[in-house]
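These are the structures in question, set out in turn.
Below are two complexes that have chain A in common, paired first with chain B and then with chain C.
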Partner chain A sequence: MEEKVISREKVVTFIDTLIGKYYVFAPVKKKDFISFDEVKSGNEVYLGYRNSKDSPKRFLFPQSEVMLRYEKGRLIEEGPFDYGKRVIFGIRPCDIKGFSLLNKVFDNHDFRDPYFITKRDSIILIGMGCREPQTTCFCTSLGIDPGSSDGADLFITDIGNKYVFQILTSKGEGIISEYDGFNDAEKADLDMKEKVSEDAKERIRTKVEISGLKEKLDGMFEDPFWSDLHEKCIGCAICTYLCPTCHCFDIEDETVNDKGVRRRNWDSCMFPLFTLHTSGHNPRESGKERMRQRIMHKFNYFVSYWGDTACVGCGRCIINCPVNMDLRKVINNINHG
Partner chain B sequence: MENIYLPKTAKIIGIKDEGLDLKTFTFSFINSEVKEAFSYKPGQFLELSIFGVGEVPISLSSSQIEKGSFQLTIYAIGEVTRSLHKMKVGDVVGIRGPFGNGFPFDEAKGKDILFVGGGIGMAPLRPLIKDMIDNRSDFGHIIILHGARTPRYIIFRDELKEWGKVEGVEVHMTVNRVDGEKWDGEIGLITRLFDKIEINPRNSVAFVCGPLFMIHIVVEDYLLKMGFQEEAIISTLERHMKCGVGHCGHCNVGPKYICIDGPVFTYREMKILPKEF
Partner chain C sequence: MEIVERIREEARKALEEKKVELIIGFEEGSLPLRTTPAFIKSIDAVERLIWNATCENNLANYLLRLKIKGKVGIVAKGCDARSIINAIKERQIERDMVFIIGVPCTGMVDRKGIKERFDEAEILEAIEVNGQIKVKGERFEGSFNISDFLYDSCKTCTQKTPSLYDVIVGDEVKEREDVDEFREIREFEKKSPDERWAYFTREIESCIRCYACRNVCPLCYCKECFIDQSRPQWFGRSIDESDRMIFHIIRVFHTAGRCVDCGACERACPMGIDLRKLTKKVEKDVVELYNYKAGIDLETVPPLATYKEDDPQEFIK
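Showing the complex of A and B:
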């Protein structure tokens, strides 16, 4: 593996260089939150962020996406449509792990989703290690290291006055060669990088026990636990919309004057309509069944099907829940119930 | 890479009234390569699109007929199905699939066969019944039970009559109630037909399709008590499905996706799923 360093000031110029050649998406400071947005200048990028409010999963799996176009009942144009070459600059290790979990679903050996795959293949991921995890972060419990470069093409660590860039793939190599302001990393830089990573790991204080959780849940479908758990939930589904691993969607036609598009839109197991049959029968009638589905799918069903837990410990569902549902407490209660 | 979400154009080449709000549509793909490549098994389903209205999963109700043609028997109940019922011969729709696992066939050879079809649950059973009758010597005695809401909801009326004439095939029907129609047959739930049949459960396979409460009663109160093996009871499960390929999450039940791991399950597989139907 090769490591390069660049000074703080030069990062802005590096981003400016990329902007001419790619669509660059990076953390941008909004009024009271951070979000990945397309940037037109390196100065817009806010690298002091802890994590973005929403998950960057929308770059692979947009909230609403046109699948095809039709006119007068006939197909006229088919997707996937070209999104161009994109660079996601500054994505966190938990969110990169989220991409790999989505990948299991959308690119499996039986069914490959061209909408997802086209976007995935045209994206270059520049990951960035965490320096200041949030109090709601618990990625280490899910086996994710806040300094892990897994899945990235390039990986950045902020070591104070400089950034260390690890080159991990040929795509990453290509992007580094776009700019001549990099120097080779020295031992002191790499030592500092190690220290920053270790410190970040230390700062993640909440731990939940994931090992044995799947087995515990195996026998819990009928448990009275679910009857109380959902009581304060208002079914807004923000937990699933912000989750880097939630992948449920609906397919709908939108028509105006004989012309229209077929879209896929995010959907959520927290909505009553999600399972409603045309006959009027609903197998998940109340919040109890829906909350159980969300937890079971993440920590039991997904594990059985895809061999991994569908949670990356990013804490977005905790920070943004309007009724303060804390997934960590839910897991602890399951473990100790 | 093939776009799994791209419907292929098919033309309606025939429409048959099957009863109240029930029609069997015969479709044929327009593109000759698509026609040639299309094949399916009984028990599988298609995603039917009417652009501008939407897409719905529907079980195939024909066995392999002419290459590139197939039938769907559809009850007009939602937006897409009601729009389809307004269409006529020559109109076009979009088709994706086939999806799902389909019924076991070879495994049932040499056995006596019991079909229990409630209402439109007969639609996915029809191709299997036809294939078994076409390969009559491979199977033992065949018993077909059909229950409908009222006489005008009896589906595949003529075929049921024809199948009943085949040697070694029995057909029994019942209706839940009579709603002004002329009817001199059985009245009551499908389970009352069990009094009329004789079957050796040890050497039989039962295919059960219909409303969920019917499946429960037929399987738990009848077939199991009669001595059917759990793996010799085969049924289909329903779920609000969207993508058909296990991606959209709608039909997830426990560690299974009805659209790719089903819709056909043996009772042994069904009973270990979470009770969430």
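Showing the complex of A and C:
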């Protein structure tokens, strides 16, 4: 593995160099939050962020995407389309893990989703280690280290006056070589990098117990626990839409006169429409069944299918829930109930 | 006796006398500056009830959302009570099926406003003492007068003391008579249609269609929302600008003459969208056209639920 360093000021120029060649998406300040957005200049990038409001999953799995176009019953064009070469700059370790969980769903031995795969293959991921995790971060409980470079092409650690760039793949190597402002990292830089990621890990304040959770949930489908749990939930899609692992969608044709598009749109298990059958019957009739679905899918079904938990501990659902439903508490209550 | 003690006392009594099935109130939240709705069903659980300046949710929503059989007790501040009045007038709940524990409210604290003071630094602890919020972070401390950091909807509120209740657990709060609640809207109306459209478009741009604004709203109780209808399907589910716009425009029309400006929609929105610009504008129109404010009393007939033979509108003759 190779490590390079670059000064704080130069990182802006590095981003500018990339902008000429790729679509660059990076954290920017919007109103009172941070979001990944396309940047036209390195100066727009805000690297002092903790994490973004919405997860960057939409670069692989957009909220709404066109699958094909038709006219008079005939296919005009069909995706996947050319999404361009894209760089995601500054994505957090938890969100990279989120990408790898989506990958299990959209690219596996039974099913390969060309829309997802094309995007994935055209993206270069520049991860960034956390310095100041939020109190709602519990990634370490899910086996994710806030300094982990797993899944990234390049991985940045902010060591104060400089950034250490760790090169992990040939894609990463490729874009480093497009800019000549990097120096080789020295031992002191690497020691500092180690320290920063150790510190970050120590700063994670919340821990939830995931081992044994799946087994516990195995026997809980009919448990009275769910009837109380959902009461305060208003059934919006904040927790699922902002979550880096939620991946449910709905496909529909939008036709005007004889022309139309087929779209894939995000869907949420918290919506009443989610599993409404054409007959009018809904197997998940109330908030109780919907909340159960959300928790079960993440901590039980997903584990059975893919051997991993569909939560990365980013805390977005906790921070943004309008009624302060706290997933950590839910997990604790399941464990100790 | 403190408000919280009195809430607990009334809740306990109501449960003991089996007057209600449960009490909907607030309990300690899991994050600084947050409380969370609580559903108290047993006397032992009454101690969980709390009251402070972060009890921001409009609990009236649950009266309509949860299918509770039997009588429900509810802790209601001014705007929650107005929403309950609305729901009674709209025949969604019966007056004698709800036991209202009214709380004179001094306003709810704008947590986002306080957080903004510290940029990216995180508030780790917040406590309320004598009208002040003291917050602590890792490298900072601060203390704010709650009255300087109220939600916009609380700043212009003129019904802090509930006008409908079964018991009231505090002294009446002096209502402000000097507030000019539509000042911002008048300013906004002065802009050109293009400017207004541009503002609206920019705001809506970040809408993720999570429908939290709709779902926290005590007015949005339709069994099937127009937005969820699939036969016919009125508009697309993508994030196209026009689809998002229509959602917001129709939603706000549906609040006409009904919105009590509790601000719940705006607080719920994860994307910080200025939703009150729309609702407040419609509220202002209703006040000007019909001299009607929603949720003030049980008697006045809502303008959209009646007609007059001398209505100047051609189509109605």
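Everything that follows uses one rule, which is that the second predicted complex is superposed on the first by the 337 of 337 C-alpha atoms of A that agree within 3 Å, B and C clash if a C-alpha of one lies under 4 Å from a C-alpha of the other, contacts with A are read in each partner's own complex, and residues count from 1 in each chain.
Please note the rule applied: a residue touches a chain if its C-beta (ideal position, glycine included) is under 8 Å from a C-beta of that chain, and two chains touch if they have at least 3 such contacts.
Every value quoted in this text rests on a predicted model; they were computed, and no experiment measured them.
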| item | value |
| --- | --- |
| Fit-or-clash call for chain B and chain C when the two complexes are aligned on chain A | fit |
| Chain B versus chain C as contact partner of A:222, first or second or both or neither | first |
| First, second, both or neither for A:75, with chain B first and chain C second | first |
| Contacts of A:183 with chain B and chain C, given as first, second, both or neither | neither |
| Which superposed partner A:252 touches (first chain B, second chain C, both, neither) | both |
| Which of chain B and chain C A:333 touches, first, second, both or neither | neither |
| Chain B versus chain C as contact partner of A:113, first or second or both or neither | first |
| Included angle at chain A between vectors to chain C and chain B, based on C-alpha centres and rounded to the nearest 10 degrees | 90 |
| Touched partner set for A:41, first chain B, second chain C, both or neither | neither |
| Lowest C-alpha to C-alpha distance for chain C against chain B (Å) | 7 |
| Overlap of the chain B and chain C footprints on chain A, listed as residue numbers | 250, 252 |
| Residues on chain A engaged by chain C in the complex (per definition of touch) | 30-33, 35, 48-50, 53-54, 63-64, 132, 134-136, 228, 231-232, 234-238, 241-242, 250, 252, 254, 263, 265, 268, 271-273, 286, 318-320, 322-326, 328-329 |
| List of chain B residues in touch with chain A within their complex | 1-7, 9, 49-55, 77-78, 81, 92, 94, 212, 238-240, 242-243, 245-250, 252-255, 257, 260, 274-277 |
| In the complex with chain B, residue positions of chain A that touch it | 67-68, 70, 73-75, 78-80, 105-106, 108, 110-115, 117, 221-222, 247-253, 255, 258, 260, 262, 264, 267, 269, 274-279, 281, 283-284, 289, 293, 296-297, 300-301, 304-305 |
| Residue ranges of chain C in contact with chain A within the complex | 29-31, 34-39, 57, 61-62, 65-67, 112, 115-116, 120, 122, 124, 206, 208-212, 214-216, 228, 230, 236-240, 267-268, 270-272 |
